[in-house]
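Structure incoming, see below.
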Amino acid sequence: MKKGIKIATIGGGSSYTPELVEGFIKRYDEFPVSELWLVDIEAGKEKLEIVGNLAKRMVEKAGLPINVHLTLDRRAALKDADFVTTQFRVGLLEARAKDERIPLKYGVLGQETNGPGGLFKGLRTIPVILDICRDMEELCPDAWLINFTNPAGMVTEAVLRYSNIKKVVGLCNVPIGIEMGVAKLLDVDHSRIHIDFAGLNHMVYGLDVYVDGVSVKDKVIDLLTDPNNSSFVKNIQGLGWEPGFIKALNVLTCPYHNYYYKTREMIEKDLVNAENEGTRAEVVQKLETELFELYKDPNLNIKPPQLEKRGGAYYSDAAVRLITSIYNDKRDIQPVNTMNRGAIASIPYDSAVEVSCVITKDGPKPISVGDLPVAVRGLVQQIKSFERIGAEAAVTGDYNTALLALTINPLTPSDKIAKEIIDEMMEAHKEHLPQFFSKVEA
Amino acid sequence: MKKGIKIATIGGGSSYTPELVEGFIKRYDEFPVSELWLVDIEAGKEKLEIVGNLAKRMVEKAGLPINVHLTLDRRAALKDADFVTTQFRVGLLEARAKDERIPLKYGVLGQETNGPGGLFKGLRTIPVILDICRDMEELCPDAWLINFTNPAGMVTEAVLRYSNIKKVVGLCNVPIGIEMGVAKLLDVDHSRIHIDFAGLNHMVYGLDVYVDGVSVKDKVIDLLTDPNNSSFVKNIQGLGWEPGFIKALNVLTCPYHNYYYKTREMIEKDLVNAENEGTRAEVVQKLETELFELYKDPNLNIKPPQLEKRGGAYYSDAAVRLITSIYNDKRDIQPVNTMNRGAIASIPYDSAVEVSCVITKDGPKPISVGDLPVAVRGLVQQIKSFERIGAEAAVTGDYNTALLALTINPLTPSDKIAKEIIDEMMEAHKEHLPQFFSKVEA
Amino acid sequence: MKKGIKIATIGGGSSYTPELVEGFIKRYDEFPVSELWLVDIEAGKEKLEIVGNLAKRMVEKAGLPINVHLTLDRRAALKDADFVTTQFRVGLLEARAKDERIPLKYGVLGQETNGPGGLFKGLRTIPVILDICRDMEELCPDAWLINFTNPAGMVTEAVLRYSNIKKVVGLCNVPIGIEMGVAKLLDVDHSRIHIDFAGLNHMVYGLDVYVDGVSVKDKVIDLLTDPNNSSFVKNIQGLGWEPGFIKALNVLTCPYHNYYYKTREMIEKDLVNAENEGTRAEVVQKLETELFELYKDPNLNIKPPQLEKRGGAYYSDAAVRLITSIYNDKRDIQPVNTMNRGAIASIPYDSAVEVSCVITKDGPKPISVGDLPVAVRGLVQQIKSFERIGAEAAVTGDYNTALLALTINPLTPSDKIAKEIIDEMMEAHKEHLPQFFSKVEA
Amino acid sequence: MKKGIKIATIGGGSSYTPELVEGFIKRYDEFPVSELWLVDIEAGKEKLEIVGNLAKRMVEKAGLPINVHLTLDRRAALKDADFVTTQFRVGLLEARAKDERIPLKYGVLGQETNGPGGLFKGLRTIPVILDICRDMEELCPDAWLINFTNPAGMVTEAVLRYSNIKKVVGLCNVPIGIEMGVAKLLDVDHSRIHIDFAGLNHMVYGLDVYVDGVSVKDKVIDLLTDPNNSSFVKNIQGLGWEPGFIKALNVLTCPYHNYYYKTREMIEKDLVNAENEGTRAEVVQKLETELFELYKDPNLNIKPPQLEKRGGAYYSDAAVRLITSIYNDKRDIQPVNTMNRGAIASIPYDSAVEVSCVITKDGPKPISVGDLPVAVRGLVQQIKSFERIGAEAAVTGDYNTALLALTINPLTPSDKIAKEIIDEMMEAHKEHLPQFFSKVEA
C-alpha cells in the first residue's frame, strides 16, 4: 500500500527550491509529503548539494517527517512519484544570457520567454521535457506533471501534442502577481479578489475582476489609468499605459504585454539596461551566487528573505496551492495552463491556454470564456501559432519550421532578420540543440 | 418596365474611370449598360468634366447606346440604379500624402491601406460610404454596391455592420494580380490558373494554386524561392522572401504581406523613397496631372496606355467581370470581399473576408475554407480586429477606440507612438473627420 | 442602507413552499433572509393563506426574524427584492391534467415538460414570466430571478432571448436526484459524489462521475446495467435500460431520457396509468388536497413528511444551496440552467443549457465541456431547437411556429398529428393563451 | 503515356448499368471513356453477362471506341482506373427484402437507407467498400471513388474516417429529383433552377431556390402548400405536408423527410403495401426480372424506357455530369456527399455532408452554408450521429455499438425494440456480417 506522497522535482538544484520546500512545509496538514526527491544533472551537482541540504534543514526545523532525497538519477526520482515538478533550465543562466544578448544586436527584444529567446528556450527545453514524459509513462504513469519551466505555454503545448502524458499542468506566477497588484491597488485583502483570467502564458488577460464577487473592473481600470497612480502602476505593470488605450481595451493586462504594446520602448530600455547593469540573466547570475553563498550557511534553516529579489514572487504559493487542490479535489478556482477544451473560442480545442479553472483531482476544468474581446483575439492567436510552430520545430528539428515560428512572432521585424538571428543563435546554442545538428551531420 | 442597366459611379472623376468604361464597352454583349452616371463632388468637378467627356468619346467610338451622365447630384445618380460602384477618395490625394508622410516621421509605415494611413483613410471614408448606403436604401434598395474604395476590408466590414445594405461586395485587384503573376511565372495562359484565395483584403493568401485543376503549389513555391527568379519575384512580390520562410509557410502571399513579414526593410525603403522621389501619393499626383492632360485631348477616344502606370492593373477586368457575373448569375469563381458566413473558421460569421466565391445573382457565396494554416491565423485575426475596431471608431467618433485600433495594429510600435501619430493625424485631417471634432465642440 | 435579504416567491401558494421555507430556515446563518414575500393570484388566495400561515408558524418555531408577507400584489412583492423565485403554474393542475390527457388520445406522450404538454406549458408560462421580467426591470433590476417553473429549459431560453433580465438561473432537481441515486448505488455519502453534468433541462447527461475526485463512471455503468440491481435502477431511472445500449452510450442518463429512448413503452405505461390511477396531475391533485388539509393544522409548524410523496425531492436543498452560493460568492460547483457561453460546443453561445457551473455572486460560470458525445448530440440539438421555436411561438403567438415546434419534437409522430393535437390543446387552454387568440379576434 | 479514361464499375451487373452507359455515350465528346470495366461477383455472373452484352451493343450502336470489359476479377478492373464507381448491393435484393420486412414486424419503418434497414445495409456494405479502398490504394491510388451504394451518407462517412482514400464522392439522385420537381412545379426549364442544398444524404434540405438566380423560395413554398397542387406535391414529395408546418419550416424538404416528419403514417402505409403489393424490394425483384428479360434481347441496343420505372431517375445524368465535371475541372455547382470542411456549422469538419459544391479536378469544394435553420439542426445532427456510430459498428463489429446506433435513430421507438430488431436482423444477415460473428466464434 502507498505510504505517503512522493514528489520528484526536476531541476532540484534551482535557487527557487527553498520556496517550494517552504510551501510544502506550510501546507503539510492538508498535503502530507513523505518523500521529496530533488534531481539535477551532473553540472548542477554542487548547487543541488547546497540547496538540498538547506531543504533538509528546513524540514528538520519544521519537525516534519518529509524525507528529502538528492540525486542525479532521474529515473529513481520518478519511480512511483505522485507529482513531478519541473523547474530546470537547459544550458543554465549562460544560455539565458545568450537568449537575451543576441537578439538585441539586431534591435530585437532579448527575453527568455518572448521573441527569439522564448523560441530558443523552447527548442532547448522541449526535447528534455518530452524525454521526462517518456520516463513518466514507464515509471509513474499516474503522476501529475506540474511544469514551471518556461516558456510554459510552448512547453505545455508540446506535452499535450507530442507526448502521451495527459496529466500535465503548466503554472506561472503572473496571474497571482496581478491579483496581488490589484489587491494592493484597491487596498483589500488578496483573498477577496477574483479575476477571470484568459489567454496564454505570459499573454494572459483579466477579463473581469471582482471584490467579494462584485465586479470592480471599471474602478480598477480607472485607477490603473489615473496619473496619480503612475508610479505604482509602473511597478506592477512595467512602463505604464496610455490611459485611452487601456480604457478602450477594457481588460487587465499582464506585465509581459509591455513587449507587445510598447515594443519600441521596451527594446530601447533593454538596450540601455544591457549596456549598464547587464541583461536580466547577468543580474540574476550575481544574485544567484549571493543566494547560494547564503544557502551554504549551516545555520540557515528557513527560506532566506533575499530570495524574493530573485523574482518569482508567490511562486511557492501558486505551486503548492495547485498541487494541494489537485490532491484534495478542492474544486477551487485557479488560473493554470491546460488544454483549452473549448473554453476560449477560436483557440483550438486541444491547445494549451492559461485560463481560470476548477482544480479537481481529475485535473483542471476550464471555465468557459466564450470569445476573447475583439481587440485581443489577434495577438493571442499569433502567440498561439508561434507556440505551436515553435513546438513543432523543437520536435522535428526542422530549420525552416523554426524560421517560420520566429518570422510570425509579432516581435520580429522581418523574415530576413529572423534568419540572421536564428543562424547566430543556433550556433551559440549548438550543444543544446542536437535535433537540429545531428541531421546535418548525418 | 425597366429599360436597361443603370450604373452609378461615385467618384466618377477618378483617373481610373476610363478603365471602367473600357470594361463596360468590352462586355456590352453580356452586360448591356444603358446609363452610366458619373458622380463627383464640387471639388472634383473639373476632373469629372475631363474624364466624363473622354468616357463619352469612348462610348461613341464603340458605337454603343450607353448614355453617360456627368453630375454632382449623387441622389439623382443613385435613383433606380442597378449597380453602384464607389471609387472616391475623401480628401483627394492631398489626404493620402498626409497618410503616407506623417507616420514615417515616427518610424512607422506610411501607406494608405495599412497601419495609421489605413486607419485614417477608413475614418474619413466610412461615414461617407454609410451615407451613400442610407441614400441607397431609399433610392435604389435592390442595387448592388460594388466598393473599390480602400481600405476595402474595413469599409466592407463597416457596411455589413453599420448599414442596412446587405448587397455589398468589396473588390480588389490584388488577387487577380497574383493570378497574373503566377501565370507569367509558369508561362501558362491566365485562364488556366485557379487559386484558392482566403484571408482579408490586402491580407489574402493563396492556399492552393492549380493549372487546369491540378495543384502546382509546390512547383510555384519552388519557383518563388529559386534565387534565379529573384528579380522576377521582386517584381510581383516586392522585396523577395527568405526561401526557408516561404517554404515553411507553404501558401502564396500577396504583395502587402511585405509590410508584415518585412516591416523593418519596408519602412527603411519607404523612408528613402519619400526622401528621393516622394511618397506614392506625391508620385501619383504627378502621374494624374499628366493623365488628365492626356484625357483632355478631344481626339482621344480610347483608354490611353499610360493609365497602366497609375497602378490598379486588371482593375477594369476584375470589376466588370464581377458585375457581369452577378447580373448573369454566372456562378463562376472569383475572389471578393463579402460576409464570411462560416467559410473561414475562427473569423466571425458576420465579418468581411476576402475569399474565393461563387458569383451568383444572389451575390457571392463563399467556398468553405475550414481553418487557415496555423502560421497565418494570428496575423489575419489581428488585421480583422483592427478593421472592426477601426470601423467602430469611424462610426462612433470615439478617440479611445481609434487609439485602440491603431495600438493593436501589428505595424504600430507602441501605445504611446500610436497616440502621437493619432494626435497629429487627427489635426491634419480635421476637416474630413467631423465625427471626432463635432463632439469636442459640443 | 439595505437591512436584510428580501425574497419574492411568485406562486407562493404552492404546496412546495414549506420546502423552500425549511431551506431558508436551515441556512439562515449564512443567508439571513429578513423578508419573504409569498405572492399568488386571486384564484390561489386560499392556498396562499393556508401555506403562508404554515410558513409563519415554521419561522416562529425556528425563532428567526424572518418576516413572512402574504400578498396578491406582485409589484409590492417585487419592489427592491434581492431574489425572485418563481414556482407558479398557469392554469393550475387542471391545465396540467389537460396537458397529460389530450396527447394520450393521439397515442402521444402526455407529460407536462416534454412533448405537447411541455410545449403548451411553455406557451402559457412564458408570457407571464416575461411580464414578471418587465416588472423586475422596473422594481428590482439588480435581483436574481431563480426560476423553478417548468419547462425550465424553454422558460430560461425565453428569458435570455426575449427579456432584458440577464440575472436569471433555471433550477431543476433532476441533477441532484441523480447524484443522490448514484450515492445510494455506491453506498457513499452524497457529499463525496461529483458529476460533470451537461445538456439541457430534463435532457441532462452525467458525462463523468467521481467519488472524492476519482472517476467511477465505469463502475457506475456496470452497476446500472447489472441485472441484480434492476429493481433499484428502475426506482431511480424509470424502466431500466438495455445494458448494451447504456454501455455503448457510456454516460449517465436522467429519468426523462426514458421518454426518448423508450418512447413506446412509456406511452403504453402512461396509457395504462391514466386508465387506472389517473394521470400524474390527477394523482397530484388528490395529494395536494390532503397536503393542504395537513397544512391547515394550526399545530403544524414543520414541513410535514408527507410532502415528499408530492415529488420534487431535494428541491429545497438545491434551491437554497444555489441562492446561498450566489449571495456569498461561494464559487462551488452546481448544475443549473444558464447561458451556454461556449461551454457546450454546437449549442449556440446565447442559448440556455443545463451544465455544471461555478456559482458566483456574478452568477453561474459554466465549466467548459467541449463537445457532447457523438451519440447524444443530435437529441440535445433537437430539444434545444424545440425549446427555441417553442419560446418564439409563445412570444409571437404564431400558430405555424407552434406547429413547427411540435412537429420537430422527437416525441411527435407526424406533422398531421401535431396539428390535431395543437388544435385540440389550443382550444382547451384558450383562456391562458391570449397571444394566439387575441389576434384571431382582431 | 495514358491513352484514355478507364472506368471500373463495381456491381456492374446491376440493372442500372444501361443508364450509366447511356450517360457515358452522351457525354463522350467531353469525357472520352476508352475502357469500361464492369465487375461483379460470382453470384451476379449471369446478370453481368446480360447487362454487359447490352452495354456492348449500346456502345457499338453509338459507334464509339469504348472498350467494355466484363469480369469477376475486381483487381484487374481497378488496375490503373481513373474513376471507380460502386453500385453493388451486398446480399442482393433478398437482403433488401429482409431489411424491409423485419422492422415492420416491430412496427418500425422497413426501408433500405433509413432506420434498421439503413443500419444493416451499412453494416453489410462498409466492410466491402473499405476492402475496395484498400485495393484502390494499391492499384489506382489517384482514382476517384464515386459511390452510389446506399446508405451513401454512412458509406461516405466510413470511407472518410476509416480508409486512406480521400478522393471519394458520394452521389445521390435525390437533389436532382427535387430540382426536376421544382422545375415542373414552376413550369420552367430545369437548367434555370438552382437550389442551395445542405444536409446529409437522404436528409437534404433546399435552403433557397432560384430561377435565373432570383430567389423564388416563397413562391415554391406557397405552391407546395397550396391544396390545389396536392396531388402533384404528393407525387414529388410523398404524402404531402401540413401547410403551416412547411411554411414555418421555410426550406424545401426531400421525399425521405416523410419518414421523419410523418413517421406514423409512413409506417402504416408501408404495412399496407407490404401486405398487398409486397415491400419495395419485392416489387423491384419483379421489375428486375422483367428488365433482364428485356436486356437479353439481342436486338436491344439502347437503354429501354422501362428502366425508368425501376426508380433512380436522373441517376445517369447526375453520375456522368459529376464525373465529367471532375475530369474537365468544370467548376460548376453540384450537390454531392463530401467532407464538410466547415461548410455546415455544427457538423464536424471531417464528416460527410450532402451540400452544393464547386466541382473541380481537385474534387468538390463545398460552398459555405453557415448554420442550418434552427428547426432542422437537431434532426440532421441525429442522423449524422447515427451514421457515424453505424459506421463505427460496421468497422469494429461491436454489437453494443450497433445497438447504440439503432437506439439513437429517431425512427426507433426504444432501446428494447432496437435490441429485438438487431437480434433478428443479425441472424437473418449472418452470412454478410462476418465482422460480428467471427468474433463470437473465436
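Order of writing sets the chain letters: A, B, C and D. Residues in each chain are counted from 1.
Going forward, contacts are C-beta pairs under 8 Å (C-beta built on N, C-alpha and C of every residue); 3 or more make two chains touch, one makes a residue touch a chain.
Just so you know, these numbers come straight off a predicted model, no measurement behind them.
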Neighbouring chains shared between chain A and chain B, ordered by label: none
Partner chains that chain B and chain D have in common: none
Relative to chain B, chain with the most remote C-alpha centre: C
Distance from the mean Cα position of chain C to that of chain B, given in whole angstrom: 55
Centre-to-centre distance between chain C and chain A (centres being mean Cα positions), rounded to whole Å: 45
Interface hub residues of chain C, defined as touching at least two other chains: none
Pairwise chain contacts under the document criterion: A-B, A-C, B-D, C-D
Chain A residues touching chain C - in the complex, by the definition given at the top: 194, 196, 208, 210, 212-215, 328-329, 331-333, 340-343, 345, 349, 358, 360-362, 365-371
Complex interface listing, chain D residues touching chain C: 107, 241-242, 244-249, 261-265, 346, 374-386, 388-389, 398-401, 403-404, 407-408, 410, 413-419
